[in-house]
Amino acid sequence: MNGVLPVNLITSIIRPHKLDAVRQALEDVDVNGMTVTEVRGFGRQKGHTEMYRGAEYVVDFLPKIKLEVVVTDDRLQAVLDAVQLAAHTGKVGDGKIFVVPIGQVVRIRTAELDGDAL
Amino acid sequence: MNGVLPVNLITSIIRPHKLDAVRQALEDVDVNGMTVTEVRGFGRQKGHTEMYRGAEYVVDFLPKIKLEVVVTDDRLQAVLDAVQLAAHTGKVGDGKIFVVPIGQVVRIRTAELDGDAL
Amino acid sequence: MNGVLPVNLITSIIRPHKLDAVRQALEDVDVNGMTVTEVRGFGRQKGHTEMYRGAEYVVDFLPKIKLEVVVTDDRLQAVLDAVQLAAHTGKVGDGKIFVVPIGQVVRIRTAELDGDAL
Amino acid sequence: MAPALHAAPLAAINKGDVAWMLTSTLLVLMMSIPGVALFYGGLVRAKNVLSVMMQVLTVLALVLLLWTAYGYSLTFSGGGAFIGNFDKAFLDGISASSQASGLPEYLYFSFQATFAGISCALIVGALAERMKFGAVLAFTVLWFTFAYVPVAHMVWAPSGWLHTLGALDFAGGTVVHVNAGMAGLVGAALLGPRMDMGRTAMRPHNLPLAMVGAALLWVGWFGFNAGSALSANATAALAFVDTLLATAAGVLAWLGAEAVFRKRPSMLGGISGVIAGLVGITPACGNVGPLGAIAIGALASLACLWGVNGLKRLLRVDDALDAFGIHAVGGIAGALLTGIFSVSALGGNGGNGFGMLHQFGIQALAVVITLAWSALVALLAGLLVKWVYGLRVSDEHEREGLDTTVHGERAYDD
Amino acid sequence: MAPALHAAPLAAINKGDVAWMLTSTLLVLMMSIPGVALFYGGLVRAKNVLSVMMQVLTVLALVLLLWTAYGYSLTFSGGGAFIGNFDKAFLDGISASSQASGLPEYLYFSFQATFAGISCALIVGALAERMKFGAVLAFTVLWFTFAYVPVAHMVWAPSGWLHTLGALDFAGGTVVHVNAGMAGLVGAALLGPRMDMGRTAMRPHNLPLAMVGAALLWVGWFGFNAGSALSANATAALAFVDTLLATAAGVLAWLGAEAVFRKRPSMLGGISGVIAGLVGITPACGNVGPLGAIAIGALASLACLWGVNGLKRLLRVDDALDAFGIHAVGGIAGALLTGIFSVSALGGNGGNGFGMLHQFGIQALAVVITLAWSALVALLAGLLVKWVYGLRVSDEHEREGLDTTVHGERAYDD
Amino acid sequence: MAPALHAAPLAAINKGDVAWMLTSTLLVLMMSIPGVALFYGGLVRAKNVLSVMMQVLTVLALVLLLWTAYGYSLTFSGGGAFIGNFDKAFLDGISASSQASGLPEYLYFSFQATFAGISCALIVGALAERMKFGAVLAFTVLWFTFAYVPVAHMVWAPSGWLHTLGALDFAGGTVVHVNAGMAGLVGAALLGPRMDMGRTAMRPHNLPLAMVGAALLWVGWFGFNAGSALSANATAALAFVDTLLATAAGVLAWLGAEAVFRKRPSMLGGISGVIAGLVGITPACGNVGPLGAIAIGALASLACLWGVNGLKRLLRVDDALDAFGIHAVGGIAGALLTGIFSVSALGGNGGNGFGMLHQFGIQALAVVITLAWSALVALLAGLLVKWVYGLRVSDEHEREGLDTTVHGERAYDD
């Protein structure tokens, strides 16, 4: 039972084509639950240009994937390392990871709380 | 005025077809504002198989709904209970609820702050 | 180096057609990174009615944009003001801004941390 | 549709007729796929689009083969009042040089085959989003055999009962639309409503797709209507102009009513008007003049507008895509109005001996017979399938959608 | 298009001609729906797709009925130089046995009706994404009555002024494309630009949809062009091959230019080349040879490429979907080039007496007259509608999109 | 397809034939665009849909012009066994009054042009999602010139080697489908597999689009098959009914096999069955009877089901959209089965002297020659293009998708 450990929400913004690799890396550190959202990112990385009937312009947002994983404190660093490694290409636009401490977790199916809910 | 009470962001990952029920339950506890995102969930629940020209495989992500509600501390438990009950089916894949304390809230229309902004 | 300053996640729910204005306002206060998600909002603002073969009903969710920006403490207020001003129309449905303190930030490309990662 | 005449098999065939009938046949095929498949596919929710398209395609393929096996023969061979015989089962005795109704018989056979196909495909709309795939097929096969074939024989075969009574149904308003619409209604009633009915909005997931379907139905319907002249002649031209104008009137009538009563004319309304106008003019298009066609198109459209609103609320059956509300109601309106506008004073070609009241009575009779026959067959067929195999998918499958659960695939992906 | 001859109403009609013209008529209908509806629908933003499809469908339906009421008669009945008479209003005096141009008159009427329909539907592209639905209808009705009908009469009626001058416009480059494109430009200028113009990208929301629209336009255009021979004869075959090859050349010219100047040939470019090639060959397709057709297709395509780029920047009008930039510019190019490539030395069938310079002058005159007439009518019609009813939806409606605000529905749902 | 006869240029042309062949030609065009474009476009991932549509459109346009320049002449002019001559290059000597095979030669030319176009367009499916745009064009041009043209000449020209041997290929099963499928396989092997092959699922991004494509292919295929009679006659009617029924059988066979082996019959399976049935009946449709057609459709469908499963796993080539697995396999099955079901005992029109074994041998020979010739040309062409220009886009472009990186636009937007 790790219901007493503090819990964290790890939000990673990554390149879409890295999703599979990151998921694999997370499974390797025994994290099997996660939630994924399609987002658009603005940042240093610049998009391609598109043309439509004479109008040419730079697409300034880029498709990214937001990956949210909730884990207890003891596994936080392992997850951070796993994501950072797996999502890395070294080129501008690789993305960020944010960690936010969580007050409470509930598993809807069982009403279990916190660490037990994961 | 409840501008002084601490504020929380309640994030629930639920089954898509439960959205209506959860919304109804929230209205019943007088929560009328919420923000909904279509997400994909990975977890214990396994997806269906799909076949395309001989290639058969398991779809490992599942469509889920992320529901974000911001409420003041005094109503936190009521909201948690409402969501947990309404989103419950008892089968694997019902989802999770996360609570994160919020530092500040602004209503854009009026520039009201915190509890008043909700 | 501002790697020591506390970091915040500012989440704004805004009207979709205000995205360009808000982006511009953020650039003006030197914030160049952000992540955008298409969401649906429920709140005081009511949607239009739609009709399909005799069935007429009110669309109760409305398309909104969720804008997430991570900034260090020193620029928090400037960003809040910028978003509030640029996203403002004065009519019901302008949206909200939530601020959540962040524990840790990592830039995937460089493994830089916190304020340096932005 | 002119009855199949086999009298003069050695007469020279006109190649202009053949050219037009080859074209007409493929146009009627196009009405089913992609026409109806698109129309229905666009109107359901995204999780069920493949399932309705599959049902349309598979029902069509099945009926084409059954038409070969016994449908054609039972409809067009032999001189019974209610049903034909098996002489031409499996196209027995027919060769490339055989003729029927002044055409190569293979062509006449193909043209009629596409009519049988679309009739059965139309029913799918009423049953959408909740029925087992196997049950759709079984139900359709039974209905085809015991309702479509005899009604088509009664109306179109020279010896058919309603034909000899003088019922007018140029291109199949009764045989196809009233017939299929009624079967849909009964099937939907047996199935019960979709699980979220009344609680969540069941919006069309892709109205542009449905619009394209309706547009291709309009285009293809010229094969259906003007093709029913079985010749590239003046009657085909009359049926053509009637089909063109009745549909235009159907669109405007529906949109006009919406503009008046709801302030906002809708795309779904516009394409419903397309179908309503087309269904309405189908029985009449070889008999009424262009102005009569405009009147029929508009009136049938208003009748269908009521069919999918007031009448639907009365019937309390979840006829999901309004197979009854549009095809049966429009078909009935068209059949009755054919009796009226065929009179020469109103621009029809009814001729001197034409009695409006008398004809109206015959038309009404044909409609009632068809409704009753089709309903009875659908009821028995539905009950049988329910008993032997079951009609509905599980709640869980219905909730997740039939595409992934029944067919193992999703319509859309990134 | 050969003029309507009513001389020999009792001559035998060839069924091969009827077969081809029935087919051609439905092909031209298919150009409007789903052709233009898809093409335009795919090019607008997702919030306005239903609105343009609705406009195309409703304008078409309306014009078909107006064509019946007075359009056909004013165009093809009577011997005036500028306009016909009302003798055939509401199809008066026409029956299934009437003939026109060697066809059943109902068929000839229907064929011409679809031309009127598509001409008006094309205008919608220029006005897209901001105009009131009622204003679109009113504007179109006025333009149809006072511009389309007289110009069609002048060019196609045997007694029409431009016809007697000898202007060549086989299938309607001037009557349809130059005419409609000009009306679109004037309408768009009166309306003003879309609110986000220049600030946000107005990308096509669904290019595959637009591609399908363009493809169906190409297919349907054989009805338009080869159908304008009004017979299944050698001229139809000539128009057919010209339409096939000019379009291929139009595609390659546009893509080639994009490849050279922008490095990336685009789908929007490819389908623009399709339309440009088709528009360009329209007036010429019964007169020039296949190699001339290739030249015309390529040149018209390059002209249109300039039309939607350089010229568009010059004009500073938000012709949203380039009705002018493609249809008018391509139509002008085609009309002028017809004067050149009809000469027999270049493979045309101009004959011995054919004077290239002389013909070029006549072609230019027909273009100028059409441009001026259409612009004037569109200006007056637009101002009238603006004054009486207003042209634009509110900013809020425009921002939210016309689909939900004007038609009460959304195109796509889950 | 009947060979091109130029014997009686002054004979009267039947307008019914012309009407049907005009229609058939545009139907075959419709098979390429939008047919194949939609079918292929729906099956790729959303990031590459425009690229395949562009490839189909551009290849088609290019081949239409090359057909004009030399293709038609090398195929149908001159009496060589392996290749024709340049006498009709650039349509030299042909005018509107020229005749070929009882048709205006321009029409005959156009009909054949659309066959060349679709053959080359089919290859695109094997190469999808990873090939440079310029490389696709270059590869196709070389293959068209050195494989399509000679094989078409050998099979269809009266003097062609396989034609004189007596190979039966009514509408082009060998010339079009075996030929193109083989080229696709070789091209795909040279290209190598798509980068994510085997790791991520490459799901169709829009199956309804693919379904519409398949439906329009079915409709258009009547032009291909029944049009290959080159006349609106009894043979056309035979080819028509065969095409109708073989396809229905193809659908049911595929779905039946899926229902038995996988429990879930799929939309992709259904439309694969459509294409398989159509490909299978193509060489046979003028020779076998309707029951033979049903057998061929079902057998070809099962062969293709194996082609895209078992055989595909054996071959280990990423033939992305199964150009080989369906077109070549179905074409081979059809060619061989034609030899069997043409026998009169099985309802074919083989006549008395027809020897089943003998014919089977000839059919097999024609298939082997075509496979070998096409493979050789594709290999040399692919290597040449690879060496001179390169075949594949960069990994980064492939990952991001060809639409934005090669064509500078995205298919879908809000």
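For reference, chains read A, B, C, D, E and F in written order, and residue numbers begin at 1 within each chain.
To be clear about the criterion, contacts are C-beta pairs under 8 Å (C-beta built on N, C-alpha and C of every residue); 3 or more make two chains touch, one makes a residue touch a chain.
Because the structure is a prediction, the values reported are computed rather than measured.
Considering the contact criterion stated above, the chains in touch with subunit D and with subunit E alike are C, F.
Common neighbours of subunit A and subunit C under the contact definition above: B, E. Fitting subunit E to subunit F on CA positions gives a rotation angle of 120°, reported to the nearest 5. Counting C-beta pairs in contact across A-F and across A-E shows that the higher total falls to A-E. Of all residue numbers that take part in the contact between subunit D and subunit F, under half occur on both sides, making this a different-residue interface. Distance between subunit C and subunit F, defined via averaged C-alpha coordinates, is recorded as 53 Å.
A straight line joining the Cα centres of subunit B and subunit D is 46 Å long. Mean C-alpha positions place subunit A and subunit B at a centre distance of 18 Å. The residues of subunit F that reach two or more other chains are 14-17, 19-20, 23, 203-204, 206, 212, 232, 262, 264, 266, 268, 408-410, listed in rising order. Residue positions of subunit B touching 2 or more other chains: 37, 50-52, 100-101.
Listed by chain label, the pairs that touch are A-B, A-C, A-E, A-F, B-C, B-D, B-F, C-D, C-E, D-E, D-F, E-F. Residue ranges on subunit F touching subunit B, taken from their complex, read 201-204, 262, 264, 266, 268, 272, 308-309, 312-313, 322, 325. Of all the residues in subunit F, the ones that touch subunit E in their complex are 13-20, 22-23, 25-26, 29-30, 33-34, 37-38, 41, 49-50, 53-54, 57-58, 60-62, 64-65, 68, 90-91, 95-97, 103-104, 106-107, 109-110, 113-114, 133, 206, 209, 212, 232, 403, 406-414. Of all the residues in subunit B, the ones that touch subunit A in their complex are 8, 12-14, 37-44, 61, 64, 66, 80, 83-84, 87-101.
Every residue of subunit A that touches subunit F in the complex is listed here, in rising order: 17, 20, 48-52, 59.
Residue ranges on subunit B touching subunit C, taken from their complex, read 9, 23, 32-37, 70, 100-109, 111, 117-118.
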